[in-house]
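Scrolling down, you'll hit the structures one after another.
You will see two complexes here that share chain A, one where it goes with chain B and one where it goes with chain C.
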Partner chain A sequence: MQYKSQAVAKPYFIAAIGLFVGQILFGLIIGMQYVVGDFLFPEIPFNVARMVHTNLLIVWLLFGFMGAAYYLVPEESERELVSPGLAILMFWVFLIAGALTVLGYLLVPYSGLAEMTGNSVLPTMGREFLEQPTITKAGIVVVALAFLYNVGLTILKGRKTVVSLVLLIGLAGLAVLFLFSFYNPDNLAKDKFYWWWVVHLWVEGVWELILGSILAFVLIKTTGVDREVIEKWLYVIIAMTLITGIIGTGHHYYWIGTPDYWQWWGSIFSALEPIPFFMMTVFAFNMVNRRRRNHPNKAAVLWALGTAVMAFLGAGVWGFLHTLAPVNYYTHGSQITAAHGHMAFYGAYVMIVLTMISYAMPMLRGRSAANSEASQVLEMWSFWLMTVSMVFITLFLTGAGILQTYLQRYSSDPLPFMVVQEKISLFYWMREVAGLMFLIGLVVYVASFFVGSRQPEATAVVEGSAA
Partner chain B sequence: MSQAFTKAMARNIFYGGSVFFMLLFLALTFDTHTAWPQRDNHENLTEQVAHGKRLWEENNCIGCHTLLGEGAYFAPELGNAFKRLGGADGIKGFIASRPKDGIPGRRSMPQFNFSEDDLNAIAAFLKYVSEMNTASWPPNIQG
Partner chain C sequence: MSSSAKASDGSGTAIAAESLYLVNLLLAPGLGFLILLAVWWRQHRRAPPLAAAHLAQTLSGSVWAGVLLVVVNAFIVLLGGYHGAHVWVIVILYFTFCHSMLVLFGAYGLSKAMAGQCWRYPLIGRPLPAGCPK
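Then we have the complex of A and B:
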């Protein structure tokens, strides 16, 4: 660790991992409710547990992004963070606001929560992913502003690199687009149209800038490849992201009361959205192959390559699968969507945060570059366990989705939703088993922080090929 | 990447491309606003429908159901439920009759204890949604 203030990243990473565990436990609960319909009913209805699952996901990814920024920005800017104190204060504000919101979901009926928090004053609740009470949303804006002030000023006052600039554009975009969550007109077509300005323009727009910049940073550090080369790649990747992804929003405007021409705009541009993800994969493997040194943190390099591959599979391949309007007509809002949502979120955003944690945590815990061999071996086991489990979750949901689409929407004698769900329950059972395997992987991941802490650091092995 | 293609060129493509497509997106958004009156069924967006939408949100129906294909995939699509259940009475009857403790072994919907006014508002909201022009989605009555 080169700058003292980078240390503020540590609590952010710890909170991220803690909430990740919570997210997966609730994932298993809703996975169970899919097959044992009355599981935990009426104490924890499906919608409540789902909300906890998805909101914890978003909150821990945001913790991860902020931690990544607090670690990366001082090093790129070659100066201390403007205000480490503010960063710690905002950590507690965000954690407490998040905990209170989740407790609110679990302890109070949702309509009661809406009433308690004065939703009628500025109604924003009750829309997917944006279920938080309006005051929680306002809190998120405050935290985001303080955070942007802190990293923004640090960047402005220090060395300006492409990596930190792209990160800042991504984070600022994240905050600005979130403001659309406060716009909730009675007109459902308009509500849905602008809802996607948060959801789509996040994951297929500004978050990809954050992803690209963190990936570039870790690759610069672990491969020693010339910064000029990496930064050129980064520019091209994010250029393709926004060139395809902005108009690509149209792939959500096929069937929600928007004009038919969106079927053309959305299909054509979103069909190009896999390009930046593909480039990211080529980029990561290229840089690792051209490495000037062997970094002792092999686990971090594995995560970096893994995120590039899995983001391409989940977002690029599984996204393309259902993005053309004639296909989406049948798959819209089916288990195909869930399959894609899982692998894309995992491959792109879960894995990039874990990449950064893997790279930075050893230094934050006083190592000079890497964890012990034993700890890394365990971490790499968790990588494979979680990643292979996610591949299976995706495959099982895809199987369920193909059958659902056929039986309920395509066959000449379409069956009711509930009948079809019954028929494909085997796939949901298998998803649940894969989910349990995922949990085991996560337990191994957490264990890797405690195993081998007292053993000496791993050192880079000199291979014949590299040199 | 080749040497002839410089970082400055890459940067210019990023800024130029992003700004261009942002402006194009705003233009399409503007056009969508002008096209909406023909398809969004706003003429039937009454006070009662707006109240129904609020109830829809404040009870998090979207956490189990899809509405026009967006939401959760645990329970039936409701964009065309008004038609599938044969009108307001079908909707109201279904919602009002949910057992408090669920149905053993079956995916269950909560009993929300809505008043008659609230039930009417939800039915009105689902009627309004079912009459939007959604380019004939869903493919059939099963949603």
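Then we have the complex of A and C:
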């Protein structure tokens, strides 16, 4: 670790992993509720468990992004963070606010939570992914502002690199676009229109900038390829991301009461959205092929390459699968969407956070570059267990979605929703089994932090040597 | 790398071959293959090992892609019937999975070509010629 203040990243990473475990447990609960409807009812109803599953995902990824930024920025800026104390204070504010919100979801009926937290003063609750009480949203804004102040000032006072500036643009965009969660018009079409400015422009816009910059940083550090080469790739990737992603928002506007032209704009631009992900795949492999050194942290390199591949498959291929308006007319809101959502979030954002944790955590725990061989072997096992499980989760959900679309919407004799759900339950069972495998992978991942911690650090193998 | 250096080591042709393989899969099916076939026809006898390897991989990969994506799918539909719900589950899952894997082979092949290295496509690739940089 080159700068003392990078240490503030550690609690963020630990919290991220803890919340990740919670997210997966709730995912398994709702997976079971798909097939055993009254599982854990009335203690944990489906709608509450789903809300906790998705909200925990967002919160732990935000913890991960913040931790990544706090680790990356001092090294890129070649100076200490402006205020490590503020970073730690905001960590506790965010963690406590997040924990209280989840407890509120679980212990208080949602309408009661809205009443308790004064939602009527500025109503923002009740919308998918943005269910947080208004007061929590205000807290997120405070944390985001303090975070941007800390990171932004460090970047502006220090060395400015393409990596840190792209990261800053991504983080600033993340904060600014979140403000649309406070806009909650009565008109449902308008509500949905701006709701996507948070949801879509996060995951298919500014978050991709964060992903690109973190991936570039890790590849610079692990491959030793010239910064200039990597930065050129990054420029082109983020340009393509923004060109396709911003107007690509239109693929959410097909059926919400917006003008018909969105079916053309949305189809054309979102059909181009796989391009930046494809470029990211070629970029990552190209950098590793041209590497000047073998980094001892093989697990981090594996996560980096895995991110590029899985993001392309999940966000690119599975997004394209149902993005054209004539296809989406039939598939909208089916399990195909769920399949895409699972693999895209895992590939693009879960894996990039785990890439950064894998790269930074050994240094944060006092190693010079990498964990021991034993620890890395376990971590790489967790990579394959989680990734293969996610591929199966996606395939099973896709199968369910195709059958659902056909039986419920395409056939000449369409069946009712619940009848179809019964018919596709085999896919839901198989998804649940794959989910359990994913949990095992996650347990192995957590275990990798404790195994081999007293063994010596792994060293880079020189290519062509015997051992 | 200068253009004359690219011509002598064959990396320009190697990159073009991988790009045409991807064009055939992603943008212009058939047309990409025909251009790739023309490039292979003109260059495969006198190409340096790097270019020869990538030309052979991509040509073989494209032929296999045609078999796996068109012929096999046609068989599934012919055997299962156009109106079977389960047929479409198999066709779409199979096509998406298979097509994605073929594209990933191409992406990796392209990155190898850009790095001036040879690479044999798993399962569907031809053996690499002697003297090929790995």
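In this section, the second predicted complex is superposed on the first by the 464 of 467 C-alpha atoms of A that agree within 3 Å, B and C clash if a C-alpha of one lies under 4 Å from a C-alpha of the other, contacts with A are read in each partner's own complex, and residues count from 1 in each chain.
Note that a residue touches a chain if its C-beta (ideal position, glycine included) is under 8 Å from a C-beta of that chain, and two chains touch if they have at least 3 such contacts.
Only a predicted model underlies this, so the values are computations on that prediction, with no experimental measurement involved.
Using the contact criterion defined above for the overlaid structures, shared-chain residue A:L395 touches chain C, although it does not reach chain B. Applying the stated contact rule after C-alpha superposition, one finds that A:D260 touches chain B and leaves chain C untouched.
Of the two partner chains, chain C is the only one that A:Y406 touches; chain B does not reach it. Counted by residues of chain A touched, the larger count belongs to B, out of chain B and chain C. Residue contacts after overlaying the shared chain place A:G85 against neither chain B nor chain C. Looking at the shared chain after the overlay, A:V309 reaches chain C, while chain B stays out of its contact range.
Once chain A of one complex is fitted onto chain A of the other, the partner contacts of A:V282 are limited to chain C, with no touch recorded for chain B. When the shared chain is aligned, chain B comes close enough to touch A:E128, but chain C does not.
Contacts of chain A with chain B, set against its contacts with chain C after fitting on chain A, share not one residue. Of all the residues in chain A, the ones that touch chain C in their complex are 278, 281-283, 285-286, 289-290, 309, 312-313, 317-318, 321, 395, 398-399, 402-403, 406-407, 411. Within the complex formed with chain A, the chain C residues making contact are 85-86, 88-89, 92-93, 96-97, 99-100, 103-104, 107-108, 110-112, 114-115, 117. Note for the complex: chain B touches chain A at residues 1, 5-7, 10-11, 13-14, 17-18, 21-22, 24-25, 28-29, 31-32, 35-36, 39-42, 45, 49-50, 53-54, 56-64, 66-77, 100-108, 110, 112, 128-129, 132-135, 137-143. Chain A contributes residues 30, 33-34, 36-38, 41-42, 45-48, 50-51, 110-111, 114-115, 119-120, 123, 125-128, 131, 162, 184, 186-190, 192-193, 228-229, 231-233, 235-236, 238-239, 242-243, 246-247, 249-250, 252-260, 262-263, 265, 329-330, 332-335, 337-338, 408-410, 414-418, 421 to its touches with chain B in the complex.
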